[in-house]
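First the structure, in the form of structure tokens, and then the observations on it.
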Amino acid sequence: MKYIKDLKEGDRVFDIYLCKHKQSAVTKNGKPYENVILQDRTGTIDAKVWEPNNPGIDDYDTLDYIEVYGEVNNFQGALQVNVKRIRVCREDEYNPADYLPVSSKNIDTMYAELKGIIGTIQNPYLRQLLEAFFVKDETFVKAFCKSSAAKAVHHGFVGGLLEHTLSVTKLCDYYCSAYPILKRDLLLTAAMCHDIGKTKELSPFPENDYTDDGQLLGHIVMGSQMIAEKAAGIQGFPHGILAQVQHCILAHHGKYEFGSPKIPAIVEALALNYADDTDAKLETFKEILDNNSDNSGWLGYNRLFESNLKASKIDGVK
Amino acid sequence: MKYIKDLKEGDRVFDIYLCKHKQSAVTKNGKPYENVILQDRTGTIDAKVWEPNNPGIDDYDTLDYIEVYGEVNNFQGALQVNVKRIRVCREDEYNPADYLPVSSKNIDTMYAELKGIIGTIQNPYLRQLLEAFFVKDETFVKAFCKSSAAKAVHHGFVGGLLEHTLSVTKLCDYYCSAYPILKRDLLLTAAMCHDIGKTKELSPFPENDYTDDGQLLGHIVMGSQMIAEKAAGIQGFPHGILAQVQHCILAHHGKYEFGSPKIPAIVEALALNYADDTDAKLETFKEILDNNSDNSGWLGYNRLFESNLKASKIDGVK
Amino acid sequence: MKYIKDLKEGDRVFDIYLCKHKQSAVTKNGKPYENVILQDRTGTIDAKVWEPNNPGIDDYDTLDYIEVYGEVNNFQGALQVNVKRIRVCREDEYNPADYLPVSSKNIDTMYAELKGIIGTIQNPYLRQLLEAFFVKDETFVKAFCKSSAAKAVHHGFVGGLLEHTLSVTKLCDYYCSAYPILKRDLLLTAAMCHDIGKTKELSPFPENDYTDDGQLLGHIVMGSQMIAEKAAGIQGFPHGILAQVQHCILAHHGKYEFGSPKIPAIVEALALNYADDTDAKLETFKEILDNNSDNSGWLGYNRLFESNLKASKIDGVK
Amino acid sequence: MKYIKDLKEGDRVFDIYLCKHKQSAVTKNGKPYENVILQDRTGTIDAKVWEPNNPGIDDYDTLDYIEVYGEVNNFQGALQVNVKRIRVCREDEYNPADYLPVSSKNIDTMYAELKGIIGTIQNPYLRQLLEAFFVKDETFVKAFCKSSAAKAVHHGFVGGLLEHTLSVTKLCDYYCSAYPILKRDLLLTAAMCHDIGKTKELSPFPENDYTDDGQLLGHIVMGSQMIAEKAAGIQGFPHGILAQVQHCILAHHGKYEFGSPKIPAIVEALALNYADDTDAKLETFKEILDNNSDNSGWLGYNRLFESNLKASKIDGVK
Amino acid sequence: MKYIKDLKEGDRVFDIYLCKHKQSAVTKNGKPYENVILQDRTGTIDAKVWEPNNPGIDDYDTLDYIEVYGEVNNFQGALQVNVKRIRVCREDEYNPADYLPVSSKNIDTMYAELKGIIGTIQNPYLRQLLEAFFVKDETFVKAFCKSSAAKAVHHGFVGGLLEHTLSVTKLCDYYCSAYPILKRDLLLTAAMCHDIGKTKELSPFPENDYTDDGQLLGHIVMGSQMIAEKAAGIQGFPHGILAQVQHCILAHHGKYEFGSPKIPAIVEALALNYADDTDAKLETFKEILDNNSDNSGWLGYNRLFESNLKASKIDGVK
Amino acid sequence: MKYIKDLKEGDRVFDIYLCKHKQSAVTKNGKPYENVILQDRTGTIDAKVWEPNNPGIDDYDTLDYIEVYGEVNNFQGALQVNVKRIRVCREDEYNPADYLPVSSKNIDTMYAELKGIIGTIQNPYLRQLLEAFFVKDETFVKAFCKSSAAKAVHHGFVGGLLEHTLSVTKLCDYYCSAYPILKRDLLLTAAMCHDIGKTKELSPFPENDYTDDGQLLGHIVMGSQMIAEKAAGIQGFPHGILAQVQHCILAHHGKYEFGSPKIPAIVEALALNYADDTDAKLETFKEILDNNSDNSGWLGYNRLFESNLKASKIDGVK
């Protein structure tokens, strides 16, 4: 397969791509045509279907995987595929992972690591709660492992939610070793569950957009409610422990203005808030630098960080 | 019964009061005594038990209703009861309503009015939801009608939650007549349910203080979850309607910084936010003026209103 | 008359329109031409006058009503009128109401309703003050009834100021019935007068833009001063009442950061602030939904409401 | 006369003082007595009238000038006058200036300087406006020259308004020499008038407290209205100039959150805002240092300046 | 030695304490006496010297170590030492560590651990910089190891600066293992140096108060300047590396409003900001819980955390 | 020389310009060309080099001074130079001052005036400090006199730093005459030095952009450090005076959120903050008006001033 990032003017294209976006349009002369964005894991490219009613053009739609036959042109300095034929593909013809941004880490490995940590939780109720989600609920596990942690900002790729969750959990584990005041079972349970509501807030890839419930209720409240529902299925789950886990979820954004309806009142909620924030910001900074890896100077003002950013450098510096 | 607000220096006291607060102390000479605050619906008064080990002093505690025998003294300009005998009373000896701040409106009348409004809701699911709370769930109804709407600020009295809820609901009903864009069934359902979480956030009178769940989860999230649980018991309750009702609850404080995890996204949530805020602020202003009814001038700077307040006056003004 | 919203490519145009905007320009070859925006109550359309020096093209200007002869073309997907002839019309040839956005409610009816409310004011001074504006000052009445309530945001149409004022006044009247603490004469007088300064802050339609005085002084201060001047003409108007009415005007934006030089200090000023804000926000939301009536989903992030907005829906929802 | 700051334990007092405050009270035994605060220009002292019904005690009140006969005691480390006789004095028996904080500068000299500056204004309308206030309106001149510039903060003494106004005007005059862009006639007129509303916002000394109008309308809006009224009496005063002067008054606090209903839109309004702010802050700092003249170190955190303050020192510093 | 926390009413005292505070006063009868606060590592107690001119009372002062002979009384419920004799002690009579709050961790061990980390720094310039401070500059090492990290908030004890620095450094080291993007040499150098300015901002124990330089310049700017001065003594220290280390120091408070003159622009500055904030907040929370170890409920609203705080609990919870 | 502001369509160009910017591009057909911006002191103009590989086109770069031969065309309403030949010039062929924005005031005169003020400083240490910078350090003097005070906002021209510094210093001198509390030697020294760090924060003209050090450390901290270094070279410079001068530099932005790591604690720091702010804002307003000198109306909303701005006018106003 020829990846989009490798296409050059004049290339002939004959491969399967994800149709990220399709929009019908009309030329000045009133002729219909279609604007299309093709995607694979290496990027996206614009395409035009000038004869959408041709028999060679299947009845395709946004988010279909389509086999495209066409030619790469240069239009005003940007590459563009002039599409001659389109065929909608069957599920067995392609591997979605080739068309989506994915975690650079292995999903199975990360999931195994997460289960390993669950095995270290001593409190029987908290351990059952974690297993109810991460071991016994296969639908949840599948959604959780494929979900992104965000629509746009950090960890916005397949496996991103798992990667972020694992990273936060391990950072919390370090905290527990450094600050004995922290109750490890409570903190690690909250860490593993803190973003589970995102499996409902964002639709699955390739769409990866806010759902109605996501917009109306948000992952924080949905996550808290998911925990209450799972705990209701565990014999004798102490209400007081449940309330503390829910509190950690509700408070993990740390401040009202970031959408948390509660401010951390117990030290584990505070620690989770710091771990989540630290991981999100360092990962975001990493992604900015990755996207500017050829740039050795200042990257321009960044609104999130409220600063002009720069790649640090100490080797060979005068 | 002699009300606390009518006590004068030299009076002899022999009546039942609520023991709002009791604290043991020791005189400079090492003699134990007890500081007590007595309460009835007209106010509170300090009291001293100088001989707590006397046989005439029952084994009483904070929040007991106690029969007090003693004398009113003046200590440094403030009245104080010198207590000689204390007897703890049985439930049938007193009427709690005589000892607590209560709504100036009749609770039964207000409750009937609320039920009357429920009878006008057309959407069968929303009507069932309201009836599940306000008609069929007797424990909830009892708690709801006795609860205050707040610990300290506005509507902080028995029946306050009902009075506030009814007032907000009727204001929303006026909105519906003035702004046809509003969906009355949705808005009025949300209005009636918007503060139901307060029955769990605050403990019942006479304590009326934040519960653990109230501190950890808050009435907004608990109210949203209560609705989800009740709706789960109604056959075929449409998820999309449930999400909109929950959204109205979650967003009714209007802004993140006021503890709402969601900002109003639909017009009914916005209207509820305005009705709740309008009623709370006008009631608060009314209570300030009531507490200063003898004051015809400026009342001093008020932090909530960010202004020096004054009773308006147009009759007989030059 | 053929409305602008109904024009199609290829149509021949021969009708009177408001010239919303006219700008001279030069083609690359140095030939002069004119860019024009035509408006009627249904919308606007771009137009080009390629031969501005033709004898068939009158000497017209921005805000003239002009009879246009031409042809509708499609340029880069947008419609455009190629204008061949222009004639400036006399005042009796057109009805301005056909060319401007107007209230969907009848202006005469609303004005009668406002006068009806004035008739219920008991305080003789306040009633005289209202009559001095809304009954006896014909120039003011004419300006008030035609004015918009805003340049851009809500109620930005002919009659908008009257519609907004009446709506706020009626909402205040409802408050008076629900909160007996409010002094109806004072509150309703302030409600009716709260935005009278807008008749000076905005120039009349069709321009509807900020005046110099509007920019330098603002409608709040000008409104307060207008009231002082009218009251000076009423024998024995009590200074203390005047100051309270002026205070309500000055404080009706509620906070310094919204341009009020005073924060509500009396309960009527507070109520007016809530009524004004409630009406403005609900009307704005309504106008957003009206402008997106074909959209059944999320409308996108709205800066004023700090939220992604959506039309609510409960009928037929699953 | 023996000044309050010089009184010592054991002194016998027999002099005239201002009765700053009088409050009736009752001893534990039910005996009435009176708490009094006596004031002269050097400070205040507490006093007690233990036999208020004695024939030697006149029927005096707060803000009376009273002749006091008594003895200075030490009560819990603070001095206190035990008052035996009180006589209310006639206006010709005392000089109020001996009992009030006064400007350290001569009021007549400052007033003459202000009139001198008025003589340099070229624009005939602005000059007439200034003369209408500062020359022809004797009542205004008298009030203006005696008024303080503030209740509590800076320039809170007799003549303070005049001193502040003159200082701001001269600073603006310096600006005009340094920044030719500034229109001197406009800026200096606005500078001289910027706080005239304070003559109505604060009651005269010795009370010097906010008036009802001050609380409800504020000196900014009242000052703007005073200018409009005076200008109405000047034949042909150009409306456009009036609006610019009023704008400078309205905008001189610089920001909405400081109570200005308009933000500076012309450069003279901006300059006035800076001059007013600079003078107020430097004078406030001076008064803080004056009040701590014996303190050579850090003065503690000051909320207005958001900093711990210190007297600078360069002579003899190591 | 009898510790202050173990004193009881009636005890006879004859031990050495730190005189935390001494203030002369006068009784109502004009007799001079002295208020004193005595301190040891377990707490403080009030004391009175009723006969300060007695020959048995040495000429002592605040911050002297004094041998006190006296008796413990109960005054209005609080213990108080009635002091009969005072003798100022020589340096060899006491161990300051017995009179000051100290880190619960061993200072030598922590210092050795810090030096161990310095040994792992690869970049020769950064390593030399660290050694110049933490190995070769004995005066600095001594001050650094005894200094507190704050006057009042967290780590306010002898060794607090070392403990905080080590904790932040180790947290940064964990970050480096989890986020390969981070340059360990740069980050750990900045972490070890981030608060070195505190050795100049705070005076040494037992005073532990802000110095003049601390108030005027602050530890952030002083720390940055100390680094520049040390680097100037290292042959060939690359300016570009120095600027990055200084930037990390300047930006380690993360935001302007927390006193950083620069916002993190490189990822190491961001990581340091998170590590510093995380350690400070978790330690502060720990100290709050330590101070309330007997309290099993809510601890009350805490301004720093903007929340009512509570000790979490999962063992034995229902 | 023909200035850019005088060029017209059809003109032939043959003159030396500063190449402000150069960017290589490719036409749709794949032909390389170059986009260039030419600058002289009167403005900038776009230019195209359609045949960059022609022998007549030298190997030039951004910020070179180049002799251009070409023709002025009109492209879509904007002028554009079609460049035929380019030659890179030697330093002696042009005067940079012809190509850069420069102060309208004479640099030598301003520098002499600054030195004159230094001559009035009495304190020997402060005078030596000023002379060490402004008299003896020729490299510094040269950089200081040519530097701009800002990249974009006010005083963004050659000599701007000197002009701003002198203006601030003179305003401070006026303050000293009006407010005797100010220590003139300290305030004027701080005023003259307050922005010296800008010589390192911004690269020299024609680039005039932030340096790496400017981004990482900022002119406030660098200026403070420059003063410390210079003072270290002056025998016996009192540390306490140095700290106060540094404090004035560090605090001259007045608030944390404007990048000052310290808030003014001494009155001279406060005065400097006002002088700097006043001069910056009045100069900025002046530059806005200069750039809109042909505009007699409202200039549009300005974010810095948070207001719609207007040129004031009193002559000939009705």
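A, B, C, D, E and F label the chains in the order they appear, each numbered from 1.
By definition in this document, contacts are C-beta pairs under 8 Å (C-beta built on N, C-alpha and C of every residue); 3 or more make two chains touch, one makes a residue touch a chain.
Nothing here was measured: the structure is a model prediction, and the numbers come from that model.
Shared contact partners of chain C and chain F, listed by label, are A, D. Hopping across touching chains, the smallest step count from chain A to chain D is 2.
Chain centres here are Cα averages; for chain D and chain E they lie 46 Å apart.
The set of chain E residues that touch two or more partner chains comprises 215, 240, 244, 262, 265, 298, 308, 310. Contacts between chains form some other arrangement here, matching none of path, ring, star or all-to-all.
Chains touching one another, given as pairs, are A-B, A-C, A-E, A-F, B-C, B-D, B-E, C-D, C-F, D-E, D-F, E-F. Listing the residues of chain D that touch chain B in their complex gives 25-26, 28, 30, 210, 215.
Of all residues in chain E, those touching chain A in their complex are 123, 126, 167, 170-171, 174-175, 178-179, 181-183, 185-186, 238-241, 244, 255, 262-268, 270-271, 274, 277-278, 281-283, 285-286, 289, 298, 305-315, 317-318. The touching residues of chain C, when paired with chain D in their complex, are 212-213, 215-218, 220-221, 224-225, 228, 240, 243-244, 246-247, 250, 256-262, 265.
By the touch rule above, chain E contacts chain B in their complex via residues 9, 74-77, 298, 308, 310.
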